[in-house]
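These are the structures, in structure tokens.
In the two complexes that follow, chain A is the common piece, with chain B as its partner first and chain C second.
Right, the complex of A and B next:
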């Protein structure tokens, strides 16, 4: 009864919910068809949000990410295979090509089996690093589930992640405890601006290889918060790749399990909400920015209230207004995009290097967009400039806008007349006194013709 | 040069005599003031009216130019184009006037000023008549004024 009710409810929600902003064809790569049922709630959640799930085995012959050169699916969900690899259709190169064509990938790992080297090399290409034996497991003796993992301590209990930094949006926050059973941890490469950890291990966690039998402290690879359990990579074309360390956390048993931390109370896990948030972000239901209209024009003045919109040419020292309309896709519709409190959307006015870098302020909101604008004076430098908005933040798709305009110098009749500048009055007076003196001199010269010459001409006549 | 020597040392009287066509000659041991006064008297006595008019105008131009330059030094050069055109008007007018003076004040006025002098008449080659020189002067000055007014905006 409860099941049918929830299905009815989800069917209703599916009608309300539209699709992901980038399509609804989802390929699920699942090697063992019998395992499909153990994720039934996860699949129903995805279908309720409008995805067309296509389950394929990696060994299938007709499996291909591309069809006639274009991608055949919008999103790819890979569950960890039992066998050695993912087959020729899902080679690292194919998956990278899939991302190059704006496909999104959610890749789950499991600590139960050794990760295939094909997946490991794919991850290395994206700068995710697994341990060298590819079969380590995250363990924490302080944040484990006392009900299910009393001996092994390999079911990690974690708080849901908040903001990554103060200037980023939180897409994975909320109340509740997450259970991560048998997690394969990974580390992130240094200095890649495209990657961001979504969920880090607690400070007391460490990783080890359970297959090596005896465990010694010297074998510890990575420990504490340098281990990431869930991470995201957003390519420069805004294609998203999410690495989930524990595929078991998506199983039905963990969607509604009751867990208990050492010395804590029994609580329900929030895995289901987290899985929804994770798939929603990966498959571009959240954190997708869209630029609407971009306008730039001269600031209207009392003399010229009507200004031309988006002119191709400006003059130096013009008061200029720039505005950009930004929307954010949230699950089923576009909403006004709000910049996080510690962050700023910035406008650059550049010719090779920025002459201005200004914070854009929200000036008005429509039903599904915010209009950011700023006013500035064009620099005292003529040339080909461009208005640039370059907003690249973790978990948000990249905004890069560039609009070229010409900035000309003053026309000959646009300078103020000389007498308007009081500092130049002395020189103006000097010039006109020279001219006046010249005229007086000419007149006096003409009236002072030498008498001897006149008398001599008379004599000669 | 000869006047200096006359003030510094006993000079031969032939120099002062040859220099003078004025009313009196200068004693050999005259003071600086006397020499200056003598030179001034000589100038007044020997210079034609037109040349003196030219000299007065040139002194006026020097004054105007000096005032403008001093103002630029004291008050700064904004607007610079006004300074350039005002100052260069004074300097250019001075140069034009100086060239007019060179062309018209060759000693006492001579005969036959209406036509260009021939070689045997004055010993000068390519010299021009006063009227022609004056017309050139007016033409050059008008061009100068046009450019300066245009440049000062």
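Right, the complex of A and C next:
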């Protein structure tokens, strides 16, 4: 509801720019103003997509994520600070509060310096884990850039990520090679379905602390694909948090660098496209779902072609049709939402627990939405039921719809008549034969003359 | 300007690096793999030598109580040297899951690692295919790193002990549920029903025959209608109409249509019935019945 309002507001401005679905006020927290120029292409890409960038130092006194109790920015981009923390305005609690109010956060780390413990505790709160010394970097002796990291092997060359799973949408795919210089890797907690890795390290990569002189087995941190370089967390309110392990990958020099893997060819990096995809997803330009109209009604039959829309009451064993209109926001407009091939949008008809859980099928498409629907028979159990669509998937905003209806039992005149039940014929015949017998008895009793033979024998005795 | 400068530097670095890449590569020698069972004597169990920079052809079994021990010497080119990364990488070819076990490496390149089944992640215990065990040997600098399959590791376990599994919560499609309806009430076969209907209806002719046999008749009908025609007609008519109203109630009428109709027909039956029964009483007093 709030989105649609903001769409109307921004619709006038959006004529030229692509725009996030949740606002364009972006706070960039950058400690060293002189560093700003080395990200100039990144900033100009963001500005070209309609964001109002506000650069602030974490030490600034005016910096606050909130104004009069509401959030002052729609999105937050934090570059790794040199100093020990991010200051009181960006404490872990404030950032979590910012997300509670639907703000999106992109947090970049760097392997060049030790990550402040404030950031580490924020990440722990979201179940991202850094190495205990918070200053590990990822190296890979098999996939590194031979041009810029001949000796240290700390510029990782990676393929653009494809689908996370077969049933998820790919928002970060594409051609090309990504260069990730001096990456601080992290691992994801195993208990939360809200988190998803976007980019994982190759199986041959590992992490270590470059500041320790000698190297022993105990120094090895996480290894292989357990090590995530870029990850996402989408909270229950669909606020997004993205953790980027390498801030250097956003620098101008890596947006258009030429890299070469060992034994490979020289190629251009695709960092610029990836940074665009990453910011577009984090700041809700992609993967945002919206529900349009929801309709449910009785299935029209030949006898009753016109049916009431969204009735409050159904009867048990009614043929019912449910349809839901879903759109997906893609950069600057809504497009029809298509469910990934191995996935399904599901309808549950529940009273405490689901009685039906059915896959909704796309039945028609409009210019900017797909209508999914299904038909089913209401269960033979009366009570208060609800139509529920609970669609929560990695990288897509959560859909949760609940529409309550009453399901009544048969009314007394809706059962089949007794003569239609063949087993009841015996009783019906019995009833009418008694009635017939009674009438015959009344006539016989009223008009019968005494039987002459019988009376004679009676008298003679 | 700065960018060009650094590119030039990088180019120079790369040009010096190229020949050394071709010159040396990481590898290993003196590699042996052994599996010891807990409780068995020294020298028992399997011991295999892995050829230099190659792999074993047959898979190695790792049981519940076994410990796998792998020793090797890492070398750059042909000189033994300590590498930064000497890992045993286990990979499930089906799921693509991987985990690495770092070797304990000495300065002279001698490295060893021990591995028991409890060190393996739970996901590997239920793997159906043997795991790929690869050796990763690499270090900083321009020497080419080594990555090759050393052997296949098949994890065996006691068939009587259930294999632990883990289920990480994740959002996704849930199995479909279709409500199972109670079955509709059934009627017996129509033939059986019709047989019983026939038996019930047969009582009427049976009753008629029995009455005729006992001498029932309607001989007083003309006399009754002659003495008081109106009460008899109306009384019989009201009785039939009451039954007709009941029939209407059964098929279509509602209770509030039936009640006034029955009240009217019942009153008529009461009034006309007392007259008609008076006539019957007259016949009895006259000794006719």
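Simple rule for what comes next: the second predicted complex is superposed on the first by the 408 of 461 C-alpha atoms of A that agree within 3 Å, B and C clash if a C-alpha of one lies under 4 Å from a C-alpha of the other, contacts with A are read in each partner's own complex, and residues count from 1 in each chain.
Simple rule for what comes next: a contact is a pair of C-beta atoms (placed from the backbone, for glycine too) under 8 Å apart; a residue touches a chain by one contact, two chains touch by 3 or more.
Remember, it's a predicted structure, so these values are computed and weren't measured experimentally.
Contact comparison for chain A: of chain B and chain C, C touches the greater number of residues.
In the superposition on chain A, A:150 makes contact with chain C only, not with chain B. By the touch criterion defined above, A:415 lies against chain B but remains apart from chain C after alignment on the C-alpha atoms of chain A. By the document's definition of touching, of the two partners only chain C reaches A:142; chain B does not.
Look at A:379: by the touch rule set out above, it reaches chain C but stays clear of chain B. Applying the stated contact rule after C-alpha superposition, one finds that A:436 touches chain C and leaves chain B untouched. Within the superposed three-chain model, A:423 lies in touch with chain B and with chain C [touch as defined at top].
Using the contact criterion defined above for the overlaid structures, shared-chain residue A:299 touches neither chain B nor chain C, since it reaches no partner. When the two complexes are overlaid on their common chain A, residue A:444 makes contact with chain B and with chain C alike. On chain A, the patch touched by chain B and the patch touched by chain C overlap at residues 421, 423, 426, 429-430, 433, 435, 437, 442, 444, 448, 450, 452-453.
Remark: chain C residues 3, 6, 10-11, 13-14, 17, 21, 84-85, 87, 89, 91, 96-100, 102-105, 136, 138-142, 144-145, 147, 166, 168-179, 181-182, 187-188, 190, 193-194, 196-197, 200-201, 203-204, 207-208, 211, 214-221, 224, 232, 236, 239-240, 243, 246, 276, 280, 288-289 touch chain A in the complex. Interface of chain B with chain A (complex): residues 48-50, 53-54, 57, 60-61, 64-65, 67-68, 71-72, 75-76, 78-79, 81-83, 85-87, 89-90, 93, 97, 108-109, 111, 113-114, 134, 138, 141, 145, 148-149, 152-153. Touching chain B in their complex are the following residues of chain A: 415, 417-418, 421, 423-424, 426-431, 433-435, 437-438, 441-442, 444-445, 448, 450, 452-453, 456-457. Across the interface of their complex, chain C is touched by residues 139, 141-142, 146-148, 150-153, 165, 167, 190-193, 203-204, 206, 208, 215-217, 220, 223-226, 252-253, 260, 262-263, 317, 342-344, 346, 348-349, 354-359, 377, 379-380, 392-394, 421-423, 425-426, 429-430, 433, 435-437, 439-440, 442-444, 446-454 of chain A.
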